[in-house]
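Both complexes shown next keep chain A, but they swap its partner, so chain B is in the first and chain C is in the second.
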Partner chain A sequence: MNLFDLRVILGILAVMALLRLVRASLLVWILAWWIGMYVFVSRGFATPVPASAQNIYLGIVTLALFAYVTSSGERVRSFVDPLVTFAGDGRYTLALVPVLLALPALAAYREYVNAKVPVEPPFFARTVHPSPPTEITVHDVKVDMVGGDNPLRHLEQSDPEKFRQHVENGKAVYYEHCFFCHADALGGDGMYAHGLNPAPANFIDQGVLPNFQETFFFWRIAKGGPGMPDEGAPGDSAMPEWERFLSNEEMWEVVLFLYDHTGYRPRAREVHAEGH
Partner chain B sequence: MRIAAIGLACALGVGVASADASAAPDLGSDAQRAAGKELYTRNCAQCHGDKGDGNGVAAPHLMPRPRDFTSGKFKIRTTPSGKLPTDEDLKHIIKVGMPYTSMPAWPEFSDEQLMSLVSYVKSFSPDFARAENQVEGMTIPKPPAMTAESVARGKASYAELGCARCHGELGRTDGGTAPTLKDDFDHPILPADLSRPWTFRGGARREDIFRAMTTGLNGTPMPAFGEALTEEQRWDITDYIFALGGSSESPDYATLLTAKKITGDIDLAAADTLFDQAPAAFFPIVGQIMQPGRAFHPASNGLTARAVYNDADLAIELRWNDMRGNASGKNAPDLAVPPEEDAAEPMAAKPAGAAADDGGWGDAEEKPAAGKAADADPWGDAEAKPGDADEKDPWAEDDGATGAGDGASEFSDAVALQFPVVLPTSIRKPYFLFGDKDHPVHLWFADLARKTPSLWLGHGSDKMENLGARDLAVTSRFEKGEWRVVFKRRLRSTGALSFEEHGFAPIAFSVWDGASRERGNKRGLTTWWSIYFEPAEKPSPAGSMAASALGVLVLEAAFVAWARRRKRTEAA
Partner chain C sequence: MKPRLLIAAAIVVLLGLGGAVRVYLALENQAYHPPVRSTSVESGVPREQALEDIAKDHEAKAKAKKYEPPTYRTLPLVSSRVAVWVVAQLHLMFAAFVLAVPMFAFIIELIGYFNGDKRYDRLAYEFTKLLSTSFSFTASFGGFLTFLLIMLYPAFTNYLMEIFSWTFFPYVALFFAEAGFLYSYYYGWGKFHPLVHLFLGLGINVVGTLIMFIADSWASFMMTPGGVSDAGALIDPWAALDNFTWMPINIHRFIGNIAFGGSVAAAYAAWKFLGAKTDEERAHYDWMGYMGNFVAISAFLPLPFAGYYLAREIYGYNQALGIMMMGGAFSWLFIIQAVLIGNLFLAANYYLWLGMGRIEGTQSYQRYVKYLLAAIAVCFAVWATPRSILASVSEIKAMGGTLHPALGVLGVMSAKNTAVNILILTTYVSFLFYRRTGKRPTVAWAALGNAAQFLIFFGVSAFVIALGVYGYFVDAATRIGLSIPQVLSVLFAMVAMTVIDAFLLRGAEETGATHWGKLPAISQYVLIFIAVTFTWLMGLMGYVRSGLRQHWHVYGVMRDQSVDAFTPTLGFATQVISVIVIIFFALIAFVFWLSSLHDRPDWNGGGGH
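Showing the complex of A and B:
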């Protein structure tokens, strides 16, 4: 949708088309590609790309262009020769001097800009959805995280009326306890979300509910932030350990509600080949 | 038949109910109401209830309560006080929501969907069906220029009209009647905090404030001034309110507190000017809703911090708004909260008229001769001096007489800073709720009814240990609805976190409002943010600029020399 800034992309394409018309030399093309990609990653997206990611992309672009140019002696020559002529031929001295001065100035300016970047706290990468243990114990009940399933799920087929009742119970639990952070419409932007870091899970996001089995959410709900493995930033997460407030059935019900309200289905269990 | 005709008119896009007040009320078509019901049942009934009476499953846990649509009372309207809102008013509020309440914004609804919802919502109250109730909404005029004069005139009107009785002199909800206010449904209600415009229910633009001044908020104690004041007077007062909020519409929350290095002494007696050079960081406060003793609706919603340090000491100033400075009673991070107060109905426990305290301020360091400390402390002087009598609101005095005696409250206001005991070197920080078994935290705690702070060691909220004052000092003052507390500690400390120039440390905050019976786990808090000790002199970029320019120049020279030689040999 609004991922790209279309004006920028059209601008780049227009310049490229123009170069095609005037049959620009390889050197000009290489420069055009590099500058075009630079403009694309720095200006072409609706939400700015982080500087570190920009540098990675541009590094790849640079390597790719280098590989292209050095792939044959002819290309190397058509790239280097104009440069050698420009720098070595006395006729161009007048044009060469400003270029020779502009490049160091540019390098100095880049250093200046870097020095002005505001300080940021040390950053530690965190795993958003860390792997659960193979088994957890909640209110003295062992739950198999790999082979287990929501004990109420089978009612969806066998007793739809009873299933509906469990979903309704889950809804009541959600709107008593969860929606302050995870929001009315389940978008993770509830009335306290602005004060939390990491942000509460967004259940509308396609990357959350459909990608996991129900046991995963039961684990996250029951054990909360303190039950997070180390890679998940356990000290920061504001997710309560709901086993302190809710029964197992209430937690399974709220999982049913999440899927029911969003219309997503839990990820299908993997069928292991060792079965006969 | 008629309904169908109106529905058709609606579908053709002429459905502004207030367009013609003499016509029969436009209640939407059956199809619209059916579509509206479907949207309502899925998205709205959780709070507003299936019958629209504001009694959904979530309702008992909410503050403010969800609107009771059967009452016909709506806060945000362009229509005169006491009147029903227009369709456009209802659509608008669904679309933008009510900030800092549980009513979210619904930007994803199309105009058609909004119209269906509005038709259904209107069916809950018979008032909408009566032609005589139809009134036109006003068009909000284009705001005139805001000037120093308009703000000054507005300030005078604000005082004259008695706005301060509820909102407080500087708009920080510390008016004398504020804690006793109730809405028409007998639920406690808070006056808007005019220093925090982003929390304004109907929006924070000058047009929004003007609308609230003109039409009031139905069902609440906020009156309408559309008839009592001229349009110009209403704009003046709007400008004053806009200025009270710092002329900003957004909170600009911080994630980093930058401590400024200063050369002079850090003297708590000079706390008034100590932080003049330090940048302010505003952190959001949310309820402690993770562990038993939950506070779903903490009294505070934000806290401003500033910090300075020198080679020996560190001082951190915290400011937050509070209706009352409760400087009597007691508080501590380990006070137990009985289960019946856990997730209790919002504000049910708030005692009516916890009257104004005398604005408690503590003196700086604990000294044996308290009298000596007091006269050495300009904060104390400033407080005791003029205006004390002038500033007393007559209403506040009334309140004191009828309220809770001499303003004593069981629990005092309190505040705490939290640091890890050991600086984390990975993503693994101590649990932000007072630490955990393996990762302890230190709290710099100030019970604002006491003159001495205390250092607490936390291994989790059920394992808190009071270590005494140690090398902590604190001074505090309550003035015009704002607490201002300054902590001081040596920069380096044995057995606790030492701070280094150019270093970072995790920092978190907790605030307790005694009048709301907040203590122990029942409190407002922040998650971990960071404090940064900015070096006295930022390294100049000149060196690295020169180095990289020179480097490029050398490469250029080498290339040009090589090219020239090659051209020469080619020519030869």
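Showing the complex of A and C:
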């Protein structure tokens, strides 16, 4: 996948190379860096960067450039002197007038652009992986979310054949119920996925399966969208409460399948947690 | 006149009158009339008697009332939680300062004792002067906090007493010992044999650290309780004290206090520098600010590792707490943390670059500043990139989720750990450049030594980055484990380069003299900025640690049943923290002012006025 807009990046590099050739002054370099970074974060990515992130990056760039210019007296002088000469020397009066007019015009243009932004409904940030409760009850069975584990996991060592059987069962359950949304390759882009917001979980993403213990996914499967805690709100996830349709064993089997198929390992429980 | 006409006129007049009267009555009827009551007391109704009976009844009930201890009490205007929060945080900040300053005062005095340079002794004394008022503030806020807890959270406080009362006597005894050591250290300056005085300095530090360890056990028990039954009954007092996060918090606070104390002491020096009248004063306070900042940054470099260890232990204790912290509501505070820490690194480096200005012949190293700056800016940007970016609806549509396809990869631990390690290494190189400014090595193997340092720096940087990239291709447990070689390699680089440098600069030729005090004023504002940022950061992360418990007084053991049993919004929390920072600096300014009285001429009785 193409992540960057190479034309923009090459354009910035070309301007920088040109400035190097003509041995531009510090003032020009600072302006070029700031504008270059602005163009890079606002136009240089194939997928546009949200304004909040752009502001963070440009804030850092501004601070860094400020630190550079003021880090020695010599640099301060080579940055400020041309500005003072331009503003104070009679020779530049003619050039100064359009600059003085352009500055408020730029500010006005920016305001104009900001004002033109279409009205959008507010976006409520939701936590993609909300914190689970410490214990849940599914089909009258209490599941310890902290110290608990997949009851079928131990078979992986003790009885690999039986373990494979459970994985196969999980696979059957997955392709019977889950794949419509979570897709046949587990990428979260199943045939119904386009109609869903929030999008179904992508199990190939390494930020999903390996970051959690198996109890986490058992909880999400069993309780679905309706069982989402407030911080996961707006809880309009279309994930059904699978405890209404599946047995506990089937749900544990699906979890086994997810890990088995993607090759990820569940997040290891900290061993010394036992001591307390 | 016709009589018929007269009769008709009379009838019309009568009808008219009748109509007028009717209208008047109708209007009168609509108007408000107060109810009419008799003003005379009816005899036979024993009103006085009834009132008396009621009063007696109340009295009897009041006498028979049983004592029921309240679970909560409230304050007017401000919620109980905010009151305890503000006072606890202020207590903690002063305590951190009081614990940290003796540490570096002791070390500086020790250096002065060994090299015989009187400047060090004077500097250590100057730091110590800030202590006595701060010590009183710490104790006052501690008392205030205890009273607030007893008053507002009596049931919870009682429970903590149940668990920890056995630690109170040692705590109080240590507090007395601390007062004894501290005041004899301060008032005994120059009055004892230097070794006796150094022993007193060591005493303050040992006792102060023990005091902190005890208080840490109470706070950490609330988050990760141990040694109690499911219902909360005490089973093993030592396990309650040595609970899951006790040692990580001890270590994190110990290092954090030094960084914080150093930065506040440097801010004091900056304040004195800005108001200095003579070159000599400026030179002294410039040096003091440099030393304070040096202490702060040296302690700051290992701090992210200590924080990482603490977070790991929190995760280890309970997955829900860990997810809440790093992936849940509190994760946004880590973005603010990243911005603050990035600023700290930038400011620390900037101060060192400005510091090159006080040494002659800095050109050779000044030209590297832009590369160091680029490395810092890139690492800062990586660290401040959120995993899910705040975005408007249309921006989210464009990205296909809150995860940006290119920037999303920077939001995970592999990228963050790599960025912070490179930041630390870069800051260290800035320091090395500063140290070498104005010196030319004369040893025969100088070129080889430089090349070795160069190789170590680039080798370790490449290794750290390679591990960071490798982290994307392995499972979580392996990825978390990769942070250890990253940290160790950075520590190795710093130690190895320091050792080489020490030998390299032996008998080095001085190419330029150092002029202390010849520094632009902006450098001093940077020191103040660093102190404010440290304080802010401390308040912010303290809130994260404590707020993680959510609706629990003691996590999983004692539920918060008060009206404040909810997690405040991030905006509100950051405002409270900002107010705390403002109060702290107002008070510390008072401490600075008090210690400056020391140098004032005596009042001479009005001087002829």
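The rule is simple: the second predicted complex is superposed on the first by the 270 of 276 C-alpha atoms of A that agree within 3 Å, B and C clash if a C-alpha of one lies under 4 Å from a C-alpha of the other, contacts with A are read in each partner's own complex, and residues count from 1 in each chain.
The definition used in the following text is that a residue touches a chain if its C-beta (ideal position, glycine included) is under 8 Å from a C-beta of that chain, and two chains touch if they have at least 3 such contacts.
None of the values given here were measured: they were computed from a predicted structure.
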- Message: Based on the shared chain A superposition, would you classify chain B and chain C as clashing or fitting together?
- Response: fit
- Task: Name the contact category of A:D184: first (chain B only), second (chain C only), both, or neither.
- Result: first
- chain B versus chain C as contact partner of A:P121, first or second or both or neither: both
- Just chain B (first), just chain C (second), both, or neither: which does A:V61 touch? second
- Message: Tell me the contact category for A:L94 with respect to chain B and chain C: first, second, both or neither.
- Response: neither
- Note on the structure: For the superposed three-chain arrangement, angle chain B-chain A-chain C (C-alpha centres, nearest 10 degrees) equals 140
- Query: Which partner does A:P226 contact after superposing on A: first (chain B), second (chain C), both, neither?
  - Reply: first
- Message: Between chain B and chain C, whom does A:V22 touch in the aligned arrangement: first, second, both, or neither?
- Response: neither
- Touching A:Q213 in the superposition: chain B (first), chain C (second), both, neither? second
- Message: Contact-wise, after the overlay, does A:Y112 reach chain B, chain C, both or neither (first, second, both, neither)?
- Response: first
- Message: Just to confirm the geometry: in the superposition, how small does the C-alpha gap between chain B and chain C get, in angstrom?
- Response: 8
- Query: What residues on chain A does chain C touch that chain B touches too?
  - Reply: 120-121, 125, 231
- Tell me, which parts of chain B touch chain A in their complex? 43, 46-47, 56-58, 61, 100-102, 104, 106, 253, 255-256, 258, 283-287, 289-292, 296, 424, 426-432, 436, 439, 504, 526-530, 532, 534, 539, 541, 544-553, 556, 559-560, 563-567
- Complex interface listing, chain A residues touching chain C: 1, 3-4, 45-53, 56-57, 60-61, 63-64, 67-68, 70-73, 118, 120-121, 123, 125, 127-134, 145-146, 198-199, 206-207, 210-213, 216, 231, 264-265, 267-270, 272-273, 276
- Query: Which of the residues in chain A come into contact with chain B in the complex?
  - Reply: 83-89, 96, 100, 103-112, 114-116, 119-122, 124-126, 171-172, 175-176, 179-181, 183-185, 189-192, 194-197, 224-226, 230-231, 233-236, 238-241, 244-245
- Message: Quick check: in the complex, which residue numbers of chain C touch chain A?
- Response: 224, 226, 239, 243-244, 312, 315-321, 323-324, 327-329, 331, 339, 342-343, 346, 349-350, 353-354, 356-357, 362, 366, 369-370, 373-374, 376-377, 380-381, 384-396, 398-402, 404-407, 412, 472, 475-477, 520, 522, 556
